[in-house]
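The next part holds the structures, each set out as structure tokens.
Note that chain A is present in both complexes that follow, paired respectively with chain B and with chain C.
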Partner chain A sequence: MEDRSHLTTLKGAYDHKMMEVTLRVRRYAGEGARAHTETYTVDVPVTATLLDCLDEIKDKQDGTLAFRKSCRMAVCGSCGMRMDGGAVLACKTAMKPFVDAGHTVTVSPMGNLPVIKDLVVDMAPFWSKIRAIKPYLDTGGAKAPEKEWRVTPVQGHLVSKEALCILCGCCVSECISMESDPDFLGPAALAKAYRFVGDVRDGDTRARLKDLSGAHGIWDCTRCYFCNQRCPKGVDPRDAIAKLGAEAFREGLTRDEGARHAKVFVNSAHKGGFLRETELVPKTIGPVAAITQIPFALQLARAGKVPNPLAPHKAKDNAEVKRLWKLLESQAPKQKERANSGAPIDGTES
Partner chain B sequence: MRAAIEAKRAGVDVAVVSKLHPTRSHSGAAEGGINAALGNATDDSPEIHTFDTVKGSDYLGDQDAIEIMCREAPGDIYELEHMGAIFSRFADGRLAQRPFGAAGAPRTIYSADITGHVLIHVLYEQLVKHDIKVYEEFFCTNLVIDDGRCAGVLAWDVVRGGVHAIEANHVILATGGVGRMYYGTTNAFACTGDGMSLAWRAGVPLKDMEFMQFHPTTLKSNGVLITEGCRGEGGYLRNSKGERFMAIDAPNAMELASRDVVSRAEWKEIAEGRGVDGCVLLDLTHLGHKKIETRLPGSRELALDYAGVDPIRDPIPVRPGAHYHMGGVDVDVWGESIVPGLWAAGEVACVSVHGANRLGGNSLMETITFGRRAGQAAAERVLAEGDTGARIERSVLEDERNRINTLLNATGGERPGAIREQLAKTMYDKAGVFRTQSVLEECVEEVHALRERGRSLRIEDRSSLFNSDLVQALELESMLECADCLVTGAVARQESRGAHARIDFTERDDANWMKHSLAWNDRGEVRLDYKPVTVTKYQPLVRSY
Partner chain C sequence: MQERYAYYPGCLASLSQKELDSSTRAIAAKLDVELIDMPSVTCCGAGDIHEAKPDYHLHLSARILGQAERSGAEVLLTICNVCTLNLRQANSKLQNDPAELARVNDNLKATGIGGYNGGVDVRHLLWEVSQGEGYDRFKSVATRSLEGLKVAPFYGCQILRPAKMLGFEDPDRPQSLERLIEACGAEAIDYPAKIKCCGFPIVLAREQVALGELVQPLQQATEAGADVMVTPCPLCHLSLDAWQKKASDHAGADFKIPVLHLAQLLGAAAGLDEQTLKFRRHITRLDDSVKGKLRLPSVVGR
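For the complex of A and B:
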């Protein structure tokens, strides 16, 4: 018989074009230890990701380095960390562009979560917020049909972005609100909340929105958009929060301070095309209470964060803002009902 | 998770132990979908699903088990939908179904290209809803058998350190596959066969371990899977000369032939020197920008991220990679093993519904249907029998603490990573898509040598805080044991069936080999034994597509 044993093994299976990557890694051995930075240089294939580099360090240079990993294909959400100060998934970050640019990256743990060791953070606060938004379908007692619930593709599409969330925490890491209020529910939990509020099968919308409109809820978001920017899966949590806000308005949940804050924002932006920050505080909490905020305002002003209240403050062309506004409106309010009725999704109220 | 939910609903006290947070499990990576004969697209029935699965298994699947899965699958799918799973729909609101390899009807329910992700999240949501205790990031290091019964598990707290005893009258293993023993694999880092090796050490045989399915289109850089959908949409496979080599082995089906056929054809091209940089080329360029953007955005992103190739302009280098392990813990149709109180479900188990070759979309279904059944059966047992009295003795816990401590302080010769890499290359080179006696024998020897080397490791991280160095050493041990079972079974099986392709025995041999292999633990060595396949209605036929 012809010898075919050459067939068992692939030629060139392990040949890779290589490159040299240098990384600075923030190290921290746990409570009581002093954080410091270490520099490593590894030889890896040109296709290597940040995670591949860390793995190479761990296997060949320093077994004490700690980080989480599993899928290495950006679906499990394990490997969130900061690179040069912003959250990324290590397994979705190719290193070649940095090598080509001659830039040495610095890797550190995610923000807004306690660090356990090196690049590993304590996710417990993160999970407790996920649990806090009642993260499961509640059909409000409706009896399930024998087969599937009917959900049209248009209805299903309402939550298609939120369904992509892998609970990695990259958004939370960069959330401005969370920095000042660690109890803020935060972008990941709120995106998850919208995944149920926007689900036509869910029958608990009003109660959900009421909870979400309370303290540390949707109105505490500063709209910095860092979450949208940093999310590796295109979930756009800030948009989900905007949709929750719009739904809450629909439900008449406007009494909360936060909701009023949003109303001012809306009116102001609608009229002038810019947010008039100087009007925001008095209109939200009332003129008397606002006086107590003056020291804070002055502090902001000193930091250059408050525009001069006396200068005219109008965008040159607020058509752009109005267009954006229409878009947001068409996406958010009463989506569920409209999708249900098959009516065109346009939205007119504000 | 599916098993835990079922048991909790039945009113018994349950907890989930997982070395990863549950939503980080590898099921989340499944893209394509899950099979149940709902008949939403065209006429379909559990009988046709059964036949397709039996044939796909190359007649090594147990037909009673397959019948059960195909019959109960639709109910399980509706239940997932009621739990809140987000599936893709037809215009009228019913669950959409699409065609998948070797299926007689469009039967695969899906959620765009994130089916597994959607399922893993809906199950986690239900864990929260049912308030089920989860030991997150607890690595199970051993099972405890007390007087012939399962008494619970010993687990290392990955985050804080320390070995804990978790007592339970019943333990259901759901630890997934073992693809990581191969160099080229679609599997996550966590797929290290821990559950199989736990059961094997506890005296349960591992069934049909020689059957590892290779997926034909995985990236060379990190093994990430490029979906079959690329070929479904009209992608070509080419060799270094630009030829569509599938014309030789599958002139009719071409690129759409079954996974094992395509993997073998590719492997041959590469091994005979017609590859490009150790790969063949998956060419989508003729599909055009628009089609790739709209129909295959996920694949384009993966190719860009991990191969640095934009498939709109250039072909993607791909090769076969270890994908799904048909073998596993030998259990019956309720998931119970020969050790009372020890059960298994999912990829870790071998019921067997997949036999020698799994059909795409059937394994997610298996995890759900047999997960539910195991949870249900174990709960019934608890309610009927009450406390079995099996306990974890203090001394057993102490022994395990000592074992882990010794490992933690191991200053021996080699780093776990070095042995792991060697194992993965050995398996890929010598127990890959094509196998033959002499090479397999070398492979057995090398695996034995590696097991020996694995006994003296060097652990660099001595802390108890998030010690992934230790975890990787434990995982290595699992992989080495599973690899030994796999290659020992492969040398013995002198036929070609499903995913096990021998170049020295090219035919299926039903007279001698239509039987399950069982790999037993004989004082640390693998001992083989066999048992018959359950046949109900379907007699073996030649498998051609």
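For the complex of A and C:
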């Protein structure tokens, strides 16, 4: 290392310690090629991130290694990839803990998206889902305010988490419902959808929720919470999907099987105290489809899995739960809160 | 581990998975732990009420937590992943937001329901017996070694993720079930889908999507040579056990892998019999070889 001892004020700033990092990297040259794993060892500062290590490999050992990056500071959303099977931002993942633990990590491309080369995935399906939810404000023909929309801090906070999304795709990588149904809109697009459904300036709420309530929409989510676990920005997409579900309910959009399923639970708590499982099948999938479930239901009944519908279990003190339900329903807002388009909020012009 | 718990079996163990309830009560007695019943609690809403009517979910949870608090216990014991996450989510909100707690208590009071002061922790049986004193106690009662039994642990989702609400162990590399399987003298089988989803939340509304999810753990556990699977969640159990035939048809396979509740596995190792563990209530039957490896006392059910 060159002598910087003359830099008295910055003394220490340059003499960083180094560490040796070994990485196993999934390599794939593109269509027709066979994927394989290669192992690299690099010498990097102890502060190095996974991205620093990949840069070091690409600069000094193997220029053919392909990966995306730009900002190096968890803002642009380019560097999503899997480390030991879970999606991370390479630029936000410090390597020292793994070195200290003596663990060699394996790096591979994100899941649920086609691989183009090495760690680079094709984001086209991701973008088409984002586009499908109409990712822009639609005031629903409302006249634009003379000066500006008035949004209180509380109203703005309704979508503050969803607004943090950097469109990196980490949440999509391990989405279980998307593994099973590739057309599922998925966590990133649905979080983005709530960013507009929950926006007090947006006027297209009902139509948006109607679209989102259909096939491949909010009721496809299996609540595995991988998206919340993976998101590097704290968006918590699963929570956003739950908020969409609540908004759909408020709008009375409960025809989808998923919404009907939820409705049985809502009703059972105050009507029977416990979930009435016997009602679940017919109410969720409708009486006609339920007939096809009869042999299955009989099988469950034989094993004693279906409680006797003639003797419904009642949680004690059910009346109080009923009163609670009525009170909360009377308190619940019937309409979406809208932004104030003119008059000052607190009576003082700012 | 506590000496006494407010016991919340949830609706599945109370209604259709009674074998889970009886096994849990029996293993608690073996561990010399008191389970206090809360006779007037409702269903936790299983994520559905939480999604459709979030405020109702919060109040129902506060009502349950309040009853637990008044029982004198410091911990509410769950035996279901979904109950665990639901109640912990509500509890975290109530404990960390005094204004919300006050609003909820006002509403409870207005409807003649006892309030909640935020003094209860929600913990799953798995967490209580897989570490510390609970683990030691279990080890000392696990006198019937299940040597030779290969067990595929299936965690399910909502006991691992989101870790910031659950936080018991590394959600990508959990070890608690493995630790208990080994404490039973059995062998834990490893397979990637052990932390994935059983598909239960959408099995009625989106059956094809759910079956696609359910096939993964069944297939991998079978291929890895497991004799049985074990899960800490009755919803996962229902999927893995009752929907197994449908998953077979979906995958063009022939899965025949019995699925045990965690409390049943612990119970077998602690010397409990079929009378209590009620394996006969499962849809996917235990064959003689598995029964032999579970070393159940000879008079077993059908």
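Assume the second predicted complex is superposed on the first by the 251 of 350 C-alpha atoms of A that agree within 3 Å, B and C clash if a C-alpha of one lies under 4 Å from a C-alpha of the other, contacts with A are read in each partner's own complex, and residues count from 1 in each chain.
Criterion: a residue touches a chain if its C-beta (ideal position, glycine included) is under 8 Å from a C-beta of that chain, and two chains touch if they have at least 3 such contacts.
Just so it is clear, the model here is predicted, and its values are computed rather than measured.
Judged by the touch definition given at the top, the superposed model places A:Arg72 against chain B, while chain C stays out of reach. Once the two complexes are overlaid on the shared chain, A:Gly186 sits clear of chain B and of chain C alike.
In the superposition on chain A, A:Gly80 makes contact with neither chain B nor chain C.
In the superposition on chain A, A:Pro237 makes contact with neither chain B nor chain C. Contacts of A:Ile176 after superposition on the shared chain: chain C is touched, whereas chain B is not. Of the two partner chains placed by superposition, only chain B is touched by A:Asp199; chain C is not.
In the superposition on chain A, contact of A:Gln229 is made with chain C only, not with chain B. Using the contact criterion defined above for the overlaid structures, shared-chain residue A:Gly245 touches chain C, although it does not reach chain B. Shared interface residues of chain A, touching chain B in one complex and chain C in the other, do not exist. Those residues of chain C that touch chain A in the shared complex are 11, 14-18, 39-43, 45-56, 59-60, 63, 85, 107-108, 110-113, 157-158, 160-163, 171-172, 192, 196-197, 199-202, 204-206, 208-213, 238, 242, 246, 280-283. Touching chain C in their complex are the following residues of chain A: 84-86, 176-177, 179-181, 184, 219-226, 228-229, 236, 238, 241-243, 245-246, 249, 256-266, 268-269, 273-275, 277, 280-281, 284-285, 296, 299-300, 303-307, 313, 315-317, 320-321, 323-325, 327-328, 331-332.
Remark: chain B residues 20-21, 23-26, 28-29, 38, 77-78, 81-84, 86-95, 111-112, 114, 116-118, 125-126, 128-129, 159, 183-184, 188-190, 220-222, 224, 267-268, 270-273, 275, 277-278, 302, 305-308, 319, 415, 417-418, 421, 425, 428-430, 432, 434-436, 438-439, 458-461, 463, 465-469, 503-504 touch chain A in the complex. Residue ranges on chain A touching chain B, taken from their complex, read 1, 4-16, 29-30, 45-49, 52, 58-60, 62-64, 66-78, 92, 94, 96, 116-118, 120, 122-123, 127, 130-131, 135-137, 139, 144, 146-153, 155-156, 159-160, 163-164, 166-167, 196, 199, 201.
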